[in-house]
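Think of it as A, B, C and D in the order they're written, each chain with its own count starting at 1.
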């Protein structure tokens, strides 16, 4: 399965790129993170603090246990600071 | 003691005039009302429903037991409907 | 930090120009003459000249002290106000949003029940009916 | 009933023209870039194109259903926004004031913590610091 993975704010800075295409068999967001984390030091740094991690699956807020299913786009970012 | 007595909204309509000058020795607002009520049928009608009566002494909201003291202006009106 | 009573319409835009410049959060409330029945032509608002201005100023200052407002404005019209026209507005400025919201909400509750205005509904057939105060407005005031 | 995401400044006045025409109560909230320290030049706001528009639309529709809003508007800027400039606004229209206030307050709580925006403070010396989410914003959301 091929996914677009997006990063925002300081996760984007740590990973070093705003998006990447990954091929994965991960069942849940948490499984995907385990795979991404192994990709580079930057990825490891981005996912170091899981308490400050938020994600969206196909542009809907999700949690780490959310199934990836047939999703096309998974985004990772810190807690939002809008308004 | 001479006072200006003001009426607003339907109290004004019932009394039939927006203001009058009264000479009184009333100690409290309640005493003054007792005197005013005796002046005319209109006055009696205006003061018929004491639960719907509000007053101000020298332009400050007051209650029926408020002393008149050296006040110059007493106003009577229904519950306010601003905003 | 101003309160105004006037017959003329006001313009929210003009009123907000330069309002609360250094604040982070601005809230406005505007009350508009509503016609729920299709039978209403206008409101006619009577007030107590002298006392009104003083009361609005007092309530504004109380709200500013209580919610740490950096600016506030109250405008309330009287006289005849046609359906669809603005009746009154409050604006509050504060560093943070909750203070600005609460300040405006508080001011509205005070204005509804403690500012010397009396509304009369004027129907399209010319009949006039005094608006009765709502007990819910009194309850709202008791929240604070 | 519109949500917009844009880099351009907006004008509260222009946005409110014709807004909520038949409603009795209009509330606006405007957030402005604040400089508490005298050392801040601007905010820089990143967002998630695609998701942002959808999220704002969702929150607006949720607020409308919950508080019986007759109209609502959300505008949120992204990009570089200098001190003193408006960042975002919400406007709500309802028959009664409490619904309009609550709708706006609710929308703000959602936007603060659940809309995909990330703020960075840009100091006058050029240094940039990501703004940290406040637990008080999360608490505010849990009120609803």
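Throughout what follows, a contact is a pair of C-beta atoms (placed from the backbone, for glycine too) under 8 Å apart; a residue touches a chain by one contact, two chains touch by 3 or more.
Keep in mind that this is a model prediction, so the values were computed, not measured.
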Legend entry - Where chain A and chain C overlap in contact partners, by chain label: D
Legend entry - Centre-to-centre distance between chain D and chain C (centres being mean Cα positions), rounded to whole Å: 24
Legend entry - Whole-Å separation of chain centres (CA-atom averages), chain B against chain D: 48
Legend entry - Multi-chain contact residues (two or more partners), chain A: 83
Legend entry - Interface hub residues of chain C, defined as touching at least two other chains: 31, 97, 108
Legend entry - Chains touching one another, given as label pairs in label order: A-D, B-C, C-D
Legend entry - Touching residues on chain D, where the partner in the complex is chain A: 31, 46, 48, 50-51, 54-55, 76, 87-88, 108, 111-120, 130-133, 137
Inset, instruction - Spell out the residues on chain B that touch chain C in their complex, using ranges where they run on. - result: 6, 8-10, 12, 56, 59-61, 75, 77-83
Legend entry - For the chain D and chain C complex, residues of the former touching the latter: 11-14, 16, 20-34, 36, 84, 95, 97-98, 100-101, 104-105, 108, 140
